[in-house]
Amino acid sequence: MLDVTGLQKIYPGQQGEVEALRDLTFDLGEGELACLVGPSGCGKTTLLKCIAGLMRPSSGSVVLAGTSVTGPPPDMAVVFQEYGRSLFPWLRVRDNVELPLKEKKLPKQRRRELSDEALDAVGLLKSADAYPWQLSGGMQQRVAIARAIAYEPRVLLMDEPFAAVDAQTRADLEDLIRTLWKRFSMTVLFVTHDIDEAVYLGERVLVMSSSPTIIQDDVTIDLPDERDQINTRGEHRFAELRTRIYAEIRNASQSATAQPQEAGKAH
Amino acid sequence: GGQEDGGGDGGGNQSIKVGAIPIVDVAPLHLGVDKGIFEKHGIDMEIQNTTGGAQAVPSVVSGDYDFAFGNITSLIVGRSNDLPLTIVANGVTSTGEQGGDFGGVVAPADSGITDPKDLEDTTVAVNNLENIGDTTVRNSIRKDGGDSDTVEFVELPFPEMPAALERGDVDAAWVVEPFLTATLNNGATEVASNFVDADPDLSVAYYFTTEQMINENPELVDDFTAAINESLTYAQDNPEEARSILGEYTELDSEAIDQIRLPRWPTEDYQEPAQSIADLMMHDGVIESQPDMDALFR
Amino acid sequence: MALRALHLLLLPLVLIGAWWLASAVTGLYYLPTPGEIAATFVEVWGAERLAADVLPSIGRLIGGFTLGSVLGVALGVVLGLSARLRAVLEPVLEFFRAIPPPVLVPLLMLFMGVNTTMKLAVIVSGCIWPILLNTIEGVRAVDPVLIDTCRCYGVRGRRWLTTLVLRSASPQIMAGMRQGLSIAIILMVISEMFASSSGLGYTIIQFQRSFAIPEMWSGILLLGLLGFGLSVLFGLAERRVLYWYNGVRAAARGE
Amino acid sequence: MPRRSPNRAVLGIVGVVGFLLLWEAVPRIGLIPARFLPPASEVLAALGERLVLPEFWTAVGDTVLTWGIGLGIAFAAASLLGFAVGSVPVLRAFTHSTVEFLRPIPSVALIPLAILLYGTDMASTLLLVVYAAFWQIYIQVLYGVSDIDPVAEQTARSYGLGRLSRLRYIAWPSALPYVLTGLRLGAAVALILTITGQLIIGTPGLGQQISVAKNSDATELVYALIIATGALGVAVNVGVRALERRALRWHASVRGEEIA
Amino acid sequence: MLDVTGLQKIYPGQQGEVEALRDLTFDLGEGELACLVGPSGCGKTTLLKCIAGLMRPSSGSVVLAGTSVTGPPPDMAVVFQEYGRSLFPWLRVRDNVELPLKEKKLPKQRRRELSDEALDAVGLLKSADAYPWQLSGGMQQRVAIARAIAYEPRVLLMDEPFAAVDAQTRADLEDLIRTLWKRFSMTVLFVTHDIDEAVYLGERVLVMSSSPTIIQDDVTIDLPDERDQINTRGEHRFAELRTRIYAEIRNASQSATAQPQEAGKAH
């Protein structure tokens, strides 16, 4: 479904170039749900934007469903890390959710159905008529999520979509994503900083190293398919996986936060 | 243009459009309409307000106006630039009276400027540079024994001159009615009657059209000329009526209407004095070669 | 390089061609061919005229534009910050904004006399509006989060003005100044229609009045070239001032 | 907001009254002779006399008509072209030099050409109005289009919004603050050129009446007509401001003011 | 130190008013570190803004060190939830950090020292010369944190300051905040969605209910003062506190996400 091969991204800049991604290669099967973790600034957002066709990689290729990605592919939804700025301040919450549906030429009634459903799922049906800037940070983020799920995409890219919501809501949204993923057999790539979340949600967890960035580890989550906030998280295997990934991340991010001369040692 | 609207002398009236600046000078035109003179000559005339000869010329050249009222220097300059302009009737003529003309040079009473020669080394306002104002004022200075090259002329619209004079922005100004009477009433001194100095019978402006019009519609031109001449004569003979028509197309107040000096509106011998303006323009270098003055007049 | 030249010249060449065709076909007196205009241009705008008429005009133009920018930005900041003051002054400002230069100039002459100050005032009276309006809108649109940031870190006074208000309004201020620049050129011409006896604008108007049509067009050509030249300079300045702004946009595209 | 509106009007009236008092004072204390600048009261009286004359209203009508048509054409053309050129970088590169060349050409210099093409009819004045107002709006639109938040733009692209939809739903609202400023700038310039055209070319309207009054040394009337012109400008601005408060309810510039 | 009494905040709006805070009363002692948790949209940001003097409450009062807060008090630093928009895009990272210090009239050298130290502490010394928009989301957030700590405030308000950083960095920053808090004896109010974080960091955890918002619980964290990412989190008491707060939040947020008619029952 999604093939990323030898992806490199170098940002040009006045004080020298920044190599955000060195050499990434991985693939995702149709209908897979993978989580992406890695230290802050390692290039997760960059990778997502390259996959979404919003940014041109410096070298390497992204191939989605057999076609090379050069612009945003159809049937793809993205939840941006900068959720606040990705909502259109001139549109009310409902209109923000329905805008992509209009582009899909869905009839009015169907749009309404979908937006009602999505807003209800994220607990914001009451705020449908508010403007985004009248909402709290977490509510804004949930609007962005609602917009993505109402779109019923085949590929869903989410960049730390639950960063601003409280623990309970987060748990609910995690279950929501898994439910929708199964129902629509979407392919999902999910960036998160929360390792528990990555393990709980994904079938696979991709661990990115800090820069120069490569895929440091690709962990298959061999937990049962039916997951449950209390029992799954209580399982022994969950703890194992969690510990393993935590250690990886620790390695990766130590090299990032540490002094330059120590950076080399981590690898 | 409207010449195609009507059919010459026969049938109904010819509708034409005439451009004229809404000042005292064109009172005969309005009077002519008012008195039915134009109608009598088979002309149904619409008078369009212009801001002067320079704006009227392109309108006439483009055929938008059939005739227009324009000052002699604009017409000479146009002619010398190969514009096919032709004068068909007199427009307005100096009274020929020193100190009693409808235009003149004024200076503040306390300025010490009383004669044209005093204008040496001063700044004088005229409405347009390289036009009738500065050429005739220079002539007045020379005639009075002064050196006209020492005068600096600056452009100001007539309506702004009284204030500029009072502020001292300029030392003197060449003004025409109604501003002449207004400044004199406020204590200014009349320094020169520059039109009279140039020629006592100087015609300052004319009614003109294009050669094309004359070639294509000579009857209409004849009718217009006849009508305007009759109107000029009527105005000349009935100055009170000429004054009262001012209330119709200008915003002059009644006091000004009573006080201003009227020009003359003769219909004969108006071609000759134009040559003196052409000479002055040559002298001042406004034009480079003598225009064919005969071709300018029909 | 070649592409840039193509960008620069293609459309002008096409338009010149169209003009040529139009003037050749119609043969209108007021529409000389580009060839005639070019020949006249060389003849008319020699060194002498440049020194006597054009340079002083450009001097006044730049003086007026600078003054207009300073006043426009200063007043714009004040009005942008105070809704109350804006409500008080807006009708009066709008009143003056609607007054055409041919009517306004006599008023300015009444207050200032006939001199260079008046000419500068005419230029300012025109080019100040886009700068003022854009500054007001730019100041009103400062991101509320940045306002809060400055408030709680005690950033105020001059630093608040320069690092917060002016910088965040700068994209809009630049838009206004770009507008103001070409209006300043137009008003330089208009200011020289009054009480002048020299200057670029005066010369063009005089050509027009004396039916020296190719000469008049050559003057308009010079105005256009002047405008283009100044806008190139302005573009360079703008690129420096709005470096961050263009950076934000390029960054998102990964350029 | 409803409770702010009268407030705003009251403040505006305070400003206008202050201005009129200042004007009244300048000639009265002799700063400028009343012959050249009559006191506001006398000018208002002269205006009052005019207000009952039908030809005054005909002139206002002519002016407003020319202004409205000219602004309408300029606005439509400038927004259409502005959005098209602004969102296609190639177009922008190819037109840049021409635009910068044409912008500083004064409308007044085009008067002979206008007369030649359209005579002294309204069309002639319209040409000047459209030419001058077009650039003002066009440049604002160009700056507005490039002020779109890149995150918003990318969001729209990732959801597959096509060029037209992005124009309508993203570019248009983002640029709206600039466009409205352009409209305000263009509206005043259109009014200015309408009056100037009437003044110089002589098409009927307030400008022509000003010209007649000037030539007749009717100072009070000149000022009265200037007031009428300025009042039109103020009225236009009130209209655009009201539009702005509706259309930019979401924008920081309008939002902030309700709380303040 | 900080007394909040009967605080109420109602946002005006076109589709009716929103009562973000109903009636909040609590106080914070000098040098206390309290964490604030509560469901998304319950009014945490609103409360913080009222305390910071950035927003005028509809009724009630905030008194800081004996004086009533009407504008931002001196010596207070705030890390905003909208970290990205709180950085000046036209200033480089270092200048963003030093801007408040300039206002404090610190000499150039001292400013440099402080900014170096703060940037180093958040692991961004290498990015000092970059512009904020050249940084990843998590890096931007850390710049905002660096700015706050370089300011050496007496009162520090942080609104979900670690939402965008990875687990390891988060842990490091948590320890950093505790260290600084002790060193400078600041008063800290810290909003978070991560209950573990709240327990680990705070001396007290204030739990806000969902709307109509009140302080639902005020939990004293009776863990030893010396905390340690591995041992403290392993303690039995930690788990207890965590469970208690989790339950509270669950109550609170259920009423928020649930259907309107159920909202009443939760209380």
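As written, the chain order gives the labels A, B, C, D and E, with residue 1 at the start of each chain.
By our rule, a residue touches a chain if its C-beta (ideal position, glycine included) is under 8 Å from a C-beta of that chain, and two chains touch if they have at least 3 such contacts.
All values derive from a computational prediction rather than experimental measurement.
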Where chain D and chain E overlap in contact partners, by chain label: A, C
To reach chain E from chain B by way of touching chains, what is the minimum number of steps? 2
Which pair, B-C or C-D, has more C-beta contacts? C-D
Averaging C-alpha coordinates per chain, one finds the centres of chain C and chain D separated by a number of Å equal to 17
Any idea how many Å lie between the Cα centroids of chain C and chain E? 48
If you average the CA atoms of chain B and of chain D, how far apart do the two points sit, in angstrom? 37
So chain E residues touching two or more other chains come to 82, 85, 134
Multi-partner residues of chain B (each touching 2 or more other chains): 58, 61, 157, 159, 163
Can you tell me which residues of chain C touch two or more of the remaining chains? 30, 110, 143, 193, 208, 213, 248, 251-253
Touching residues on chain C, where the partner in the complex is chain D: 7-12, 15, 28, 30-31, 83-84, 87-92, 94-103, 110-111, 129-130, 133-134, 137, 140-144, 171-172, 174-175, 178-179, 181-182, 185-186, 189-190, 193, 204, 208, 213, 216, 219-220, 223-228, 230-232, 248-249, 251-253
Going by the contact rule at the top, pick out the chain A residues touching chain D in the complex. 49, 52-54, 71-72, 74-78, 80, 82, 85-86, 88-91, 99-100, 102-104, 131, 133, 147, 151
In the complex formed with chain A, which residues of chain E make contact? 11, 13, 15, 18, 37-46, 81-82, 84-85, 123, 126, 129-130, 134-139, 142, 160, 163-170, 172, 193-195, 246, 249-250, 252-254, 256-258, 260
Could you please specify the touching residues of chain D with respect to chain C in the complex? 7-8, 11-16, 18-19, 32, 36-37, 93-98, 100-109, 111-113, 116, 135-136, 139-140, 143, 146-147, 150-151, 153-154, 177-178, 181, 184-185, 188, 191-193, 195-196, 199-200, 207, 210, 226, 229-234, 236-237, 241, 251-253, 255-257, 260
Partner chain A, residues of chain D touching it in the complex: 149, 151-152, 154-162, 165, 169-170, 173, 176, 249-251, 255
